[in-house]
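Two complexes, one shared chain (subunit A), two partners (subunit B, subunit C).
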Partner chain A sequence: MGLTLSYDDKKRAVLLLIAVGVVAWIAIDAAAGGSKYWARVLLRLPLLFTGSGSGWPIAGGFVLNILLSIAVMTLATALGTLIGIATLARLALLRVPSLLLMNFLRNSPWLVLLFAMLYILPFEVHVFGRVVAFPPFVKAVIGLALPTAANFSEVIRGAVQSIHSGQWEAARSLGYTTIQIYRHVIMPQAFRRMIPGWMNLYALVMIATALATVTGIQDVLTILNNLLAMESERVIVYFYLTVLFLFFAYCYPIAVLARRLERAVKGDNL
Partner chain B sequence: MFGLDYSWLADPAYQQWLLTGVVNTLKLAAISSGAAIVIGLFGALGLTLRIFWLDALIELFVEVFRNTPPLLQMLFAYFTLSTLGLRVTDPATGLSVPLLSAFACAATSLSLFGGALAIEAFRSGIETMPRSIIEAARSLGYGRWARFWWVEAPIATRICLPALTNILTNLFKTTSQASVITVPELMYYAGQIYNDTFRTLEVMILVLVIYVTLVSMLTFAMARLEAFMAFPGYGKGR
Partner chain C sequence: MNRSDALVELDDIHKSFGDVPVLKGISLFVQKGEAVCIIGPSGSGKSTILRCINGLIPVDRGFVRVGTNRVHELKSEKAMRALRHQVAMVFQQYNLFPHRTALENVMMAPIQVLGHDRSEVEERARKLLKKVRLSEKADSYPGELSGGQQQRVAIARALAMQPEVILFDEVTAALDPETVKEVLRTIRDLVEDGLTCILVTHEMKFAREVSQRVCFTDRGLIVESGPPARLFDHPEDPRTREFLGQIL
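Right, the complex of A and B next:
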């Protein structure tokens, strides 16, 4: 019969067809008068990307969202590791407060937490006679890092607890101390299982950086809103679709990679 | 205490605003959660049919809504759907007005966002169903529908509950973003109150506490439901 396609191939073909259909639709729309709207979008694309009209220097835009997400993730990884280890401690004095903190942060909406941080954090603090300023960007980083850290500590907890108890017993019978067991037995295995969760969390953080517009930093949404104030009603659709696509194009590959790793990790049951 | 001033809370007007805000938040969360569960069920069931083009369409829907900010989805729905033709002519004034109010826009986009998450959760729940149980049911002579109704659905429900809890809390927290498109929910009234009183810090702390309390109540209720429904061998019913 010649061509036989597997189920996944057929599915991929349909997705490809849809992508072609979207491109064709854009082309038809452009021919039917949409091209002048796309020209507006194209003109503003450097501004949306980097926050300056010519594309350089970087003053904001989508690049700022990426920078923000990286800063948030760095801080949240450090903070989340501390909270995660504390929630696993056998000492109740350490475990109970950290569990309470984790649940508080996990149960509060990101937007509300971000707003709260905007007002709780001072404009500047004086440390040993030195003035440390808190610009909106720093406030956004802290405001987004808090819930992220709580989520990451949950990832750590889940990964450590997923290690079979036989590993603990075996290591203990060999005379390892608790710290040694964590260091040489549990963590090397748990680390592998954390990576997909960490990546999923990063995609989530990138999506959440859209909220940072409330702090007034020049992120892609702030710039978009400023731009749209002087555009016609019709062209707004094209601008929104462009920005939605920017986020999708950045986050989707990360999500796919995370899922692939997840499947690879699922195989090693101990 | 700590130099915080909560005297504005004694004003009945502000109490009324907060109450209205909470009620609207609950309404928005309830509507979008219900719709998200329905979308999730139909989507996951659609995937089990293994029709390749339906599978592709559902996957596209899930990925688009999972990988774009819900805030942007809401803004898109609010600012552009009326431009794209979702308008009706008001019979009273003869003017063309948007078909969807801000609340309807928020509810629609939250439902679709939650639905995408729910499809994914239900799908993985169905996937982790132990094959041996299905084979056992088959060897006992259950037909396709009897097997689904008496064996697969009860087990899948219990497997999916923890993930569903996550989605419902996530959705509840995301309702706060509807304030950006002027839906009069809790976060919106918080803005109104501090614009009036200039007590930003106090208002934000109170609102944060209200949200955490509501979400904690939701997680507690779901945990009780999980414990109530548990049966030996699955999840909590060890």
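Right, the complex of A and C next:
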């Protein structure tokens, strides 16, 4: 057998085969009468994207999912950093409760947390005579940010603990205090190792934003459901495939990039 | 030997890790400017002795003094600061900071720990890199250097703290044979400059050439010590004889 393919070549070939298969299937289906359903989907695409039929102004849709994922990730990064630092603390008073909190949140179903936030968080709160409202979007952000923060804190903890103990010893022998060691030696190295995990988590959050439909915000799934009430049964499949593809097209490149970074970071162990 | 004159004084130190006793009463005095080698089989507690001297490992029992610092009484890292300034350490695995260049590795601690002036530290660091014959590698990252080069940067980093004593923990054990030589040459220069050195080593030939005194440790005790010529050629203790017989 003169032909020897490397693992990567084989993987690429299989992926290509799948892509060609999908395209061929769509083409055949379109020729067999599916094109009129695709035309319906195309017509509704602006609505799915932005929540308004003409594509402007932005009232929801897939763009809202993206905004939601960014808001969730921002809050979760801040919150997760705090929890992560607390789980690394030497002080048991700080470490033990934060470990408990982290494990509780990490092991809760995201949908349940989302529902819980929906009912636990008030409609609005009065702070010093001012009214702060909690619209569904904010509830969705908080509900999704909690488990994400817990997962991110674990990413931080893992990255920090993956730094070789020799780094601690060397830094201590040079007279650094614990806080200085974190600041000058551990964190700059751990930070690089966190980035792939953080990106993977973001891709997960983006996927999970579809859950936020239970809060009633006008995300792509809510809009899709409203839309489908007016469409024929046969076309539903095409719409769902389209929405699935939107998520895939957004998340897959992130996952690929994260994996590439992960490989790049692996080299610098010593 | 007059022990109160000694720069480093260990008296009857004991240390256990869990239930395993590692040091069972080590006493050692090192004079200023002296080079002392510690040899012995793996697991005999050689590296632990070094870590007790600079307080990386607290002793269970016994007396440790370096200069005016009574190490066994220092509890916090802040209290250790003067000691860490006085005692530097070089490790088997180099332990350079991989995210910093060679020059930055040398400059970091004097600036961040000792608070020395940046430009003065840079001048010192460049001089030290020249001393370890790595001037042209100042801007390289540790990952771009060979093991021997990394180890020489680590020596320069230790020297940048302007220590009175420098501890070498099997610094050539992880190196390729051809790079061992250049590291040993660097250490020999330091000994000749009169820096107090305590070396844990498996390089017997080097130990014989460079040190004024060799200590043989076995099972947590210093079994025998003396000038290298006597210890290597006429070992008195049967355990020393057995060990030397195995490796020479």
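Here is the rule we go by: the second predicted complex is superposed on the first by the 257 of 270 C-alpha atoms of A that agree within 3 Å, B and C clash if a C-alpha of one lies under 4 Å from a C-alpha of the other, contacts with A are read in each partner's own complex, and residues count from 1 in each chain.
By our rule, a residue touches a chain if its C-beta (ideal position, glycine included) is under 8 Å from a C-beta of that chain, and two chains touch if they have at least 3 such contacts.
Please read these numbers as outputs of a predicted model, since none were measured by experiment.
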Which of the two partners, first being subunit B and second being subunit C, lies in contact with A:I195: first, second, both, or neither? neither
Looking at A:I26 after the superposition, I want to know if it touches subunit B, subunit C, both of them or none. Which is it: first, second, both, neither? neither
A:I85 in the overlay: touching subunit B, subunit C, both, or neither? Say first, second, both or neither. neither
Contacts for A:V243 in the overlay, against subunit B (first) and subunit C (second): which applies, first, second, both or neither? first
For A:L111, using the defined touch cut-off, is the partner it touches subunit B, subunit C, both, or neither? Pick first, second, both or neither. first
Name the contact category of A:Y252: first (subunit B only), second (subunit C only), both, or neither. first
Taking the superposition on A as described, I'd like to know which of subunit B and subunit C A:L75 touches: first, second, both or neither. neither
Check whether A:L174 is in contact with subunit B, with subunit C, with both or with neither, and answer first, second, both or neither. second
More subunit A residues in contact [subunit B versus subunit C]: B
Let me test your reading of the model: by the given contact rule, A:V63 touches which partner, first (subunit B), second (subunit C), both or neither? neither
Seen from subunit A, its contact residues with subunit C in the complex are 164, 166-167, 169-178, 180, 184-185, 188-189, 192, 267-268, 270
What does subunit C use to touch subunit A in their complex? 54, 56, 77-78, 80-81, 84-85, 87-89, 91, 93-99, 108-109, 112-114, 142-143, 154, 157, 161
What residues of subunit B sit close enough to touch subunit A in their complex? 50, 52-53, 55-57, 59-60, 63-64, 66-73, 75-76, 79-80, 83-84, 169, 172-177, 179-180, 187, 200-201, 204-205, 207-208, 211-212, 215-216, 219
Considering the complex alone, what residue numbers of subunit A touch subunit B? 7, 10-12, 14-15, 18, 103-104, 107-113, 115-116, 118-120, 203, 207-208, 210-211, 214, 221, 228, 233-234, 236-237, 240-241, 243-244, 247-248, 251-252, 255
